[in-house]
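Below, subunit A partners subunit B and then partners subunit C, in two separate complexes.
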Partner chain A sequence: MKRKKYLWLSIVSVLCVLVLWELVTDVLRLMPSYMLPSPLEVCKAFAYKVSGGVNPDGASLWTHIATSLKIALGGYLAGVVIGVPLGIAMAWYKKVDLFVKPLFDLLRPIPPLAWIPLMILWFGIGYGAKVVIIFISSMIACVVNSYAGIKQTRQVHIWVAKTFAATNLQILFRVALPTARPMILTGLKTSLGSAWMALVAAELLASTSGLGYMIQMARQMGRADIIVVGMIVIGLIGAALSSLLDLLTSRIGGKKTKRRG
Partner chain B sequence: MQRIGKTVWKRLKANRQTLLWIVISFATLLIAWQVASMLSQGRVQIPAPLEVFEAFFRSMTVPIGKNTILEHAGISLWRVLLGFVVASVIGMAIGILMGVSPKAHAVINPLFEFVRPIPPIAWIPLSILWFGLGSSNKIFIIFLASFTYVTINSYEGARNVDPKLIGAARMLGASRRRVFTHVIFPSSVPYIFAGLQIALSVSWAAEVAAEIIYSQNGVGWIITMGMNNGNITQIMVGMIAIGVIGYLLSTLMRVVEGRLCRWNRQET
Partner chain C sequence: MEPAGNIILRCEHLSRSFTTPSGTDYRVLGDVSFDVRENEFLVLFGPGQCGKTTLLNLLAGLDQPTGGFVEMQGEPVHAPSPSRGVVYQTTSLFPWLTVMGNVEFGPASRGIPKAERRKQAQYFIDLVGLKGFEKSYPNQLSGGMQQRAGIARAYCSDPSVLLMDEPFGHLDAQTRYMMEQELERIWRAEKRTVLFVTNNIEEALYLADRIILLTNCPSVICKEYMVNLPRPRNYVDPAFLQLRKEITREMDPTQ
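On to the complex of A and B.
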């Protein structure tokens, strides 16, 4: 009963906003359509772009999505493959920690997006610069979370392992890594979000295709309907990627955590 | 005085290894940078570290564009402050409202969940159409970026109040309003602060991104201008400024949190 009421309120609230939006744009014309397109216009633009329309930015929605995904996933994978082991090594080996941590702390206050202009000058506006930006932004969260995760290992557990003559590597793989797994997975998720955001920013600034490029072009031509379509697609893909990652990690992580408990 | 000197000395001695390693790693970085700058040629130009630092300090008195770097930093910080404060106030109000009343949660949460997956950066083109090219579009982006975090954390804070505390206060005859001001709000403060902390660093990143993409002043403008003119020294000067301000902002938040939430830390 209560659940039903909650659902009703939610539906009514979303509908109210849609009706209000339609009223402000199509019916009362309080906002011109180059500033705020009506929901119907957005639907039309969406249908047009999905069916492969190439105006006004020269490529269909699918091409833009493919370009964006290729860059984002490339940079993200590189960030994970380097970031997670680096974080683990920093937390486990004191020498690595002492050497890398100061450099890491020095560079961390600079938001990854601030690297975009430098990378564009160095690597051009193509694939390379954007992959590097996404690599930087996803690596940071991976390093921070893996580091914190390994550091959470209880000293007592390490002592027990040592008493049973485990080698340093055995302790790392059998004791510290299982402890750190939830944190590492959190890091993977956080960095996926920041990778996707960095991609959009890089594409807004300089590119020749991709979702960010699409909305930037639409702005220059005053096509707010295409902008809104682009924003919705960016949001949908971001959400889809993050739930895909949840699915994958629950498959990998779920069973083992159960066995532990 | 002497005692303070002694404890500082003791600490230094204990941390001597750390200090030594900090020096080693910074020295390695500087040497690598210097070598890279001497080897660099063609498109990948790298200015020498000394050159960059010199340019950084010079820019405090000699303007880049129309303003000195301090003025640019002031402009950027002012935008962040405006967006952040407005977002914090509204975010706290909405978050706590959602936490206290399930009805409000039912109405607001679906809308919130629709908007949340869209990165604030993706709003920039629309924001430019709505607010023009000046400061207000950046303030809007900063607002969006920090609003989400403050709202979610305030909601979590208000929802996770120990029901025993509320029950006890009610039993002792506290009015609903008093329960809110004396129990619910104070116990959500640590959550809210965690949200504010993330929100501030995210707003700084959003501000920089918005300025890089389009602006006429501010620290982000410095690096975009450097990019357009192929002036890498200027880009690095801008990045140093951005990093320093980012660091100061996060330190500031930590200090404020340490003061305001001291009771919470002592308890645990």
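On to the complex of A and C.
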């Protein structure tokens, strides 16, 4: 397999960055430690936070991860549960489309973060405000993708179903939804990614706990090592969530992926 | 000579116009009237883009005429019905379903229990020669096999009339010959009234009991031929070639 053969390329790329980082910090001392800590310092900070250290932000890494995940997944799930059916209904029923579209087109260009001030007014800086923001951002991605997916349904497939006297609902469930499935799954994936990113950004602005809060506090305390630890953890969890979803969707659609082989 | 059999499908002064984006009326189908007899193989033969698909959609009940009407067994046609199965030109199989899933789609839509519809579907899959491919997906099949599955799917709802819209139009010449022979075999095994649209004169002559010639836009009927050659036909039989010459000259007097 090609992928295995060139695995060394990926390893080399990661090693290059580490070597460069080490050179700039410990070896050549181009960057002072309070601006860019060395890899070793970051590892130490990481070990400290993982083992339950609460400085400088008042909670261990695990508490922050739990807070962030709870909000991200809560808002995301709500966004999926509302967004996917809404997108499907808009694409399938003209009246729903005409009713929802103008509102949707107005709300869509507003970046999730622009909702924060209003949400803080309404819900304070606790869970509520951020869950709503994550909900809005993931719902929009789900609506857009489900809508586009249903619209891809081929006319000839609808004709075939009609000649078999299928009802409108049967055509939706047995023709349009299978057509839209790949797009809907893409929507689930992109909205999970954007939910995670929007959350961390929201936490930078308004929170008392969470990964975004952790790196924000570290900046205020001048702890660059904790900032870097936070960023790496955010990246790792984002990647892990995305591969987890890949695994889940390929499990659901196992039949589909197998058939090409 | 009058064709034999009872009238099953009838078109009276059928016409269809579409409004173009500039607002003018574009007449695709002129005044078309003809009867289809029970169990006959009727071919509508005409040049490409002459409104044959429009005509077939009207017969299927997927579209409403601007003028005139369609009647099936004395009842006006307003909506699609499983009694009129359609085989389309391009592959119209559902790519997310297996051959079996596609063929049993019709009975499944009508809520027929799984065991029963499986049995029906299996019969027609065997009939069209796809035994062993029940679990294949459409993208794993060749063009000819896809059309076989399309034919089985149309048959599986037990229609009285099969409407076929250039089903072999996209196949290469070799496969096309083979499929024409196969369709005739299938049709003789499971007699139905077939209305077959094509722009290929050989195909028309090979399959038809009767050929209706359509002219280009707006399409109207210009002539009708009975094809009384014995089946299965021979593409190079002198009588076959004679009729072919006649129809070709009718379509293009310069030939």
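As a convention for this text, the second predicted complex is superposed on the first by the 242 of 261 C-alpha atoms of A that agree within 3 Å, B and C clash if a C-alpha of one lies under 4 Å from a C-alpha of the other, contacts with A are read in each partner's own complex, and residues count from 1 in each chain.
Methods note: contacts are C-beta pairs under 8 Å (C-beta built on N, C-alpha and C of every residue); 3 or more make two chains touch, one makes a residue touch a chain.
Just so we're clear, the structure is a prediction, and the values are computed from it rather than from any experiment.
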| item | value |
| --- | --- |
| Combined model on subunit A where subunit B meets subunit C, clash or fit | fit |
| Contacts of A:Pro117 with subunit B and subunit C, given as first, second, both or neither | first |
| For subunit A as apex, the angle formed with subunit B and subunit C - C-alpha centres, to the nearest 10 degrees | 80 |
| Touched partner set for A:Trp159, first subunit B, second subunit C, both or neither | second |
| Which of subunit B and subunit C A:Leu169 touches, first, second, both or neither | neither |
| Subunit B versus subunit C as contact partner of A:Leu28, first or second or both or neither | neither |
| Subunit B versus subunit C as contact partner of A:Val200, first or second or both or neither | first |
| Contacts of A:Ile227 with subunit B and subunit C, given as first, second, both or neither | first |
| Touch count on subunit A, higher of subunit B and subunit C | B |
| Overlay on shared chain A, then closest C-alpha pair between subunit B and subunit C (Å) | 8 |
| Overlap of the subunit B and subunit C footprints on subunit A, listed as residue numbers | none |
| Subunit A to subunit C touching residues, read off their complex | 154, 156-157, 159-166, 170, 174-175, 178-179, 181, 256, 259-260 |
| Subunit C residues within the subunit A interface of the complex | 57, 60-62, 80-82, 84-86, 88, 90, 92, 94, 96-97, 105-106, 108-110, 137, 139-140, 153, 157 |
| For the subunit B and subunit A complex, residues of the former touching the latter | 17-18, 21-22, 24-26, 28-29, 43-45, 102-103, 105-111, 114-115, 117-126, 128-130, 204-205, 208-209, 212-213, 220, 223-224, 226-227, 230, 232, 235-236, 238-239, 242-244, 246-247, 250 |
| Partner subunit B, residues of subunit A touching it in the complex | 5-7, 9-10, 12-14, 17, 34-36, 98-103, 106-107, 109-118, 120-122, 124, 193, 196-197, 200-201, 204-205, 212, 215-216, 218-219, 222, 224, 227-228, 230-232, 234-236, 238-239, 242 |
